[in-house]
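Just so it is clear, A, B and C label the chains in written order, and each chain counts residues from 1 on its own.
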Amino acid sequence: MKVLVLNTMTPFGWGGAEELAFHLTKNLNAAGADAEQFRIPFQWNPPERLIESMLFFRGLRTWNVDRMIAFRFPAYLMPHDNKVLWVIHQFRQAYDLWDAGMSNIEDSERGREIRATIKRADEMAFAEAVKIFTNHQTTADRLKHYNGWDGEVLLPPLNDPELFMGGERENYILASGRVNSGKRQYLLVEAMAHSRSNVRLVIAGPPDSPGDADALRALVAERGLSDRVSLDLRFLPREKLADYVNRAFAVAYMPYDEDGIGYVTMEAANAGKPVITLGDSGGVLDLVKDGETGRVCEPTAEALAAAIDDLVGAPARSLRLGEQARTAWAAREITWAKTIERLLA
Amino acid sequence: MRVILVSTAVPVMYGGARFIVDWLELVLKQYGHQVETVYLPAVDHSDTRYFEQMLNFRLCNLAEFADRIITFRPPSHMVQHPCKVMWFIHHLRVFYDVWHVYRPVPDTAYWRAYRARLMAADRVALSEAHRVFTNSLTVSERVKNFNGVDTEVLYPPLMNPERFYFDSYGDEIVCVCRFEHHKRQYLLAEAMRHVRTPVRLRLCGASTEALARVEAVAEEIPAGRVTIEARWISEEEKAERLASALAIAYVPIEEDGYGYPVLEAAHARKASIVTDDGGAVREFVRDGVEGFVLPPDPKAIAEIFDRLWSDRKLAARLGDGAAARIDELGIGWPRVVERLLS
Amino acid sequence: MRIAWVTPWHDRSSIAADSKLIAEAMAARGIEMAILRAEIGDAANLPARPTDLPIYPAGFATREWLRDEFDTVIYSLGDHYLYHGDAIRLMRVHPGITVIHDVWVAGVVRGWAVSSGAPSFPATAATLLYGAPPPAAAPIEWLFANQPMTEWAASLSVGAVVHSMHYEPRVRAACSGPVSVLRIPAERHDLGIPAPRRRGPNDPVVIATLGNIHPYKIVSEIIQAIGASPRLRALCQYRLIGSADEPLRSELLELAGRLGVALDISGFLSDADFAAAIAETDVVCCLRRPIMEGTSGSMLTALLASRPTLVCDGGAYAEVPDKLVAKIPPEAPGDAITAGLERLVFAPDAAREMGARARQWVLDSYSLEDYVSGLIALAQQVISRAPLADVARYVTTQARLLGLSPSDPALARIAAEADCLFADSDANGWVETHTPHLR
């Protein structure tokens, strides 16, 4: 089957959606399909350009593929008889960000016209699609709320599970993922000050802003923890990240009210590592159960320190929790094989 | 410098016009530039959709994203940027030079008007470019004649040409390219009916429906004299076959480009046999200097096969000539990068 | 060049007579012409005008056939749905050059609405064209002036011919392609009538109004104007050379009798009798209120007969130089008619001179050869623009899919791009093509 994976492009920008589309294409080909990704530049600034952008994507044509899989607005406007949408997000400035007053589209007569056009275009694409998936319940909820369309949740699998196969654990807790105050890495640093074990903490991931990195560095210095806490604050190559995960004793991931399980949780579980999280971390709790697949704590440094000490003090039990996390994750069957099966059904 | 390369392509169809784009991306990155490649879906040329796509691509304005863009296959040259460089590798030929030879549309007033408007629209886009390069004198002349725009020839080099090497002048004439009607491999097979020496012929390339005619001819020729490898051979295999070839033959009709096969052969110090109706291949190959330029006649081709087989010194002299021609024409990435970013 | 001409072709239609004259002249210039009869219903069975050109019923024509077999299509359009039903059908799917004979085409709009089962269509179309449907019970004069629906026909065309300047702006504003003003060939209106007799100022005088009588020819006002002048009443006979339906006929006779005006109504006449009747006239009164035709055949007939003629100073009539006809303002009261007629009746030598010069001017200005040259040039222009018209339609369709209003600024920007790529100096700006939004 010839498949066109159609994604939007912000030239020289690269993020989660790009990773997902890249790995989807790779896995489609590995599964025997004949797939290629086209990345088409999308301009949304100034908002007036959105009209041309919609017409541009709508005007694209292809004649030789059996199926098209499109991710984002306005890529999914391109006409195709056999179009599957995997909506990662809509153009949020026209929807929830508009409602939140955080849109780049002005609340003027023209702005409202543009917004209405986006909504009509979206609904035209939804009506044309042979199937609509979303990456997430939140995306599905928005689709339902704003456009009245149902999207079936199809959680993206780990892009490269083969990298996260686990391994001999070392004596550190890993906090991976984006670094910002919402992800609460600072709480882990504080916990290290309370911890009575000799375990180390590695915080590895890209800071959202230089300020996020600086704050963390200052805290480590202030608490005198520089010998026990390593900061590797940058965008890590996948191999480097996987190496951190595979050698970790456990992985800590403590976002506030996360939408989904989170890639960090998925990577840790895939590698057979217990996950430390907080009671208010939202979707992470779907997979992380206290005492089964990791530890769920109150959001205080003391509670976190106690949980860490508890894990480190019982290495055999920790190992079992990690294995159970792996099993629980595998039971979800969120794999490329299953994903592709559904996308090509 | 931030550069976006823009071309059109048919999804999941590779090869051909994609090399020049993909190779340029690699080379520009080696030179330290930031590069993105954008392939826009190509439409079927032979309907009114083409004008729609020309206008549609016009809606794509990349000004905010990069310092310049380089466009390749039409109608990607419609994409907008204040510093747009075109490496114009061909027109929509059915409406240009091929119009009187092969036309996928009826010769009605509508399509004549369409053709005239197409030329005018191309002229508009060509005129707004910062620079326009072509891949051959042939294309430059067409742009001049049909669109009235002056251009500069920038011959596309090969990626990693050092993978081609010389081993010996064997007894085999080699032709590596996809089996297509307009590539006329059948001329070479037919030539083998007329040869008098033990010269052999090897035809390699992805199979298409054009293969049947070649195979039918080859069947009549004694076993072992014509080898057909009807598949996409690897680059290593290609280099190996060229290294020990006596010479290569490349006999398409009216090509836009001077032909990668000819250039590959030159890097392996091998002469090329081409035809006088081969279009831009004649820009590289001059009769008796880099190879032979022959009428598209199997007997004439057979005669040269025999001559080269009987006279390896001749094969060597022409092979050396071909190798020298690469520098003479200034074919190489440093020049390409310098010109495209100038 | 291969051209299909979709037109009525029966022997009663004057549009058919024009189409035949022009189409045959185009064929004589080497253009391959095919006639597609546009009449529907009973009108389709009326006898055809004889011709050597191939004739087909337009009912069989499809968009694909027209597109593939002809370089362009000409549609003749007048305000008579049964005469033009298949033209309307085809214009909607394969627009071409429309020869708009009448300014007023609301009748065909109504006809189309009825036959396509969309009775609300005229109101919808008026809203789209003029911003609002006509007010309830709007008088006919208001409709003529404000909503003649000419633009509807123009919006279904990629090129248009108008026959006088006065409705050209309406057509140009609504047509996506070039518009030519061509004066319709007058030669078929030249009935070989001898020049009017010489007469003294007190000789009896025949004043005539030509053609079948309808209310817009304001015959009753003319009768009153004659009646208001004792001198005219004494000297003149007023003849209606054509038929008048009841009850109009009786009303007119009654009015004339009451006012002491000698009135004669000829009834329907053969061509020969029509010419013979005009030969007996001295002055022609060619007034219209409102003016709804592109060009007046009766005026051309009168002028070619060298008759001094009284016209309203509006529409195509205004284009005749002042020295060649007597003009009264379009809305002038009855005494202006009286004054105009008195001028022609009581200064017979000047009137006779005026008529003679008018004939020559018509022969020079309404020439078949000029018309044919103009139409061929227009056809060439339309053919050359056809690919552009297709692109325009594509953009309109795309915009409609996204629910953009035709006035969305993005469409103006795209139109400017299209202009830059595809338009050339001979063509109307593409921007003007707010295109066939009524199709």
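The rule we apply is simple: a residue touches a chain if its C-beta (ideal position, glycine included) is under 8 Å from a C-beta of that chain, and two chains touch if they have at least 3 such contacts.
Just so it is clear, the structure is predicted and the values come from calculations on it, not from any experiment.
Q: Sort out for me whether A-B or A-C is joined by the greater number of C-beta contact pairs.
A: Result of the comparison of A-C and A-B: A-B.
Q: Report the chain ID whose CA centroid sits closest to the centroid of the full protein CA set.
A: B
Q: Where the CA atoms of chain B average out and where those of chain C average out, how many Å apart are those spots?
A: Averaging C-alpha atoms per chain gives centres 60 Å apart.
Q: When the centre of a chain is set as the mean of its C-alpha atoms, what distance in Å lies between chain A and chain C?
A: Centre-to-centre distance between chain A and chain C: 70 Å.
Q: Measuring centre to centre with CA averages, how many angstrom lie between chain A and chain B?
A: 44
Q: Residues of chain A that contact two or more other chains, please.
A: Residues 52, 55, 59.
Q: Note the residues in chain C that touch 2 or more other chains, in rising order.
A: Where chain C meets two or more other chains at a single residue, that happens at 395, 414.
Q: Considering chain B alone, which of its residues make contact with at least two other chains?
A: 52, 55, 59
Q: Looking at the complex, which residues from chain B come into contact with chain C?
A: Contact set of chain B toward chain C: 48, 51-52, 54-55, 58-59, 78, 106, 108-110, 113-114, 116-117, 120-121, 124-125.
Q: Can you list the chain B residues touching chain A in their complex?
A: 2, 4, 9-13, 34, 36, 38-44, 49, 52-53, 55-57, 59-62, 64-66
Q: For a test of understanding, state which residues of chain C touch chain B in their complex under the given definition.
A: Spelled out, the residues of chain C in touch with chain B are 1-2, 67-68, 71-72, 383-388, 390-391, 394-395, 414, 417-418, 420-422, 424.
Q: Under the stated contact criterion, what part of chain A meets chain C in this complex?
A: Residues in contact with chain C: 48, 51-52, 54-55, 58-59, 113, 116-117, 120-121, 124.
Q: For the complex, which residues does chain A have touching chain B?
A: Contacts found on chain A: 2-4, 9-12, 34-36, 38-41, 43, 45, 49, 52-53, 55-56, 59-65, 78.
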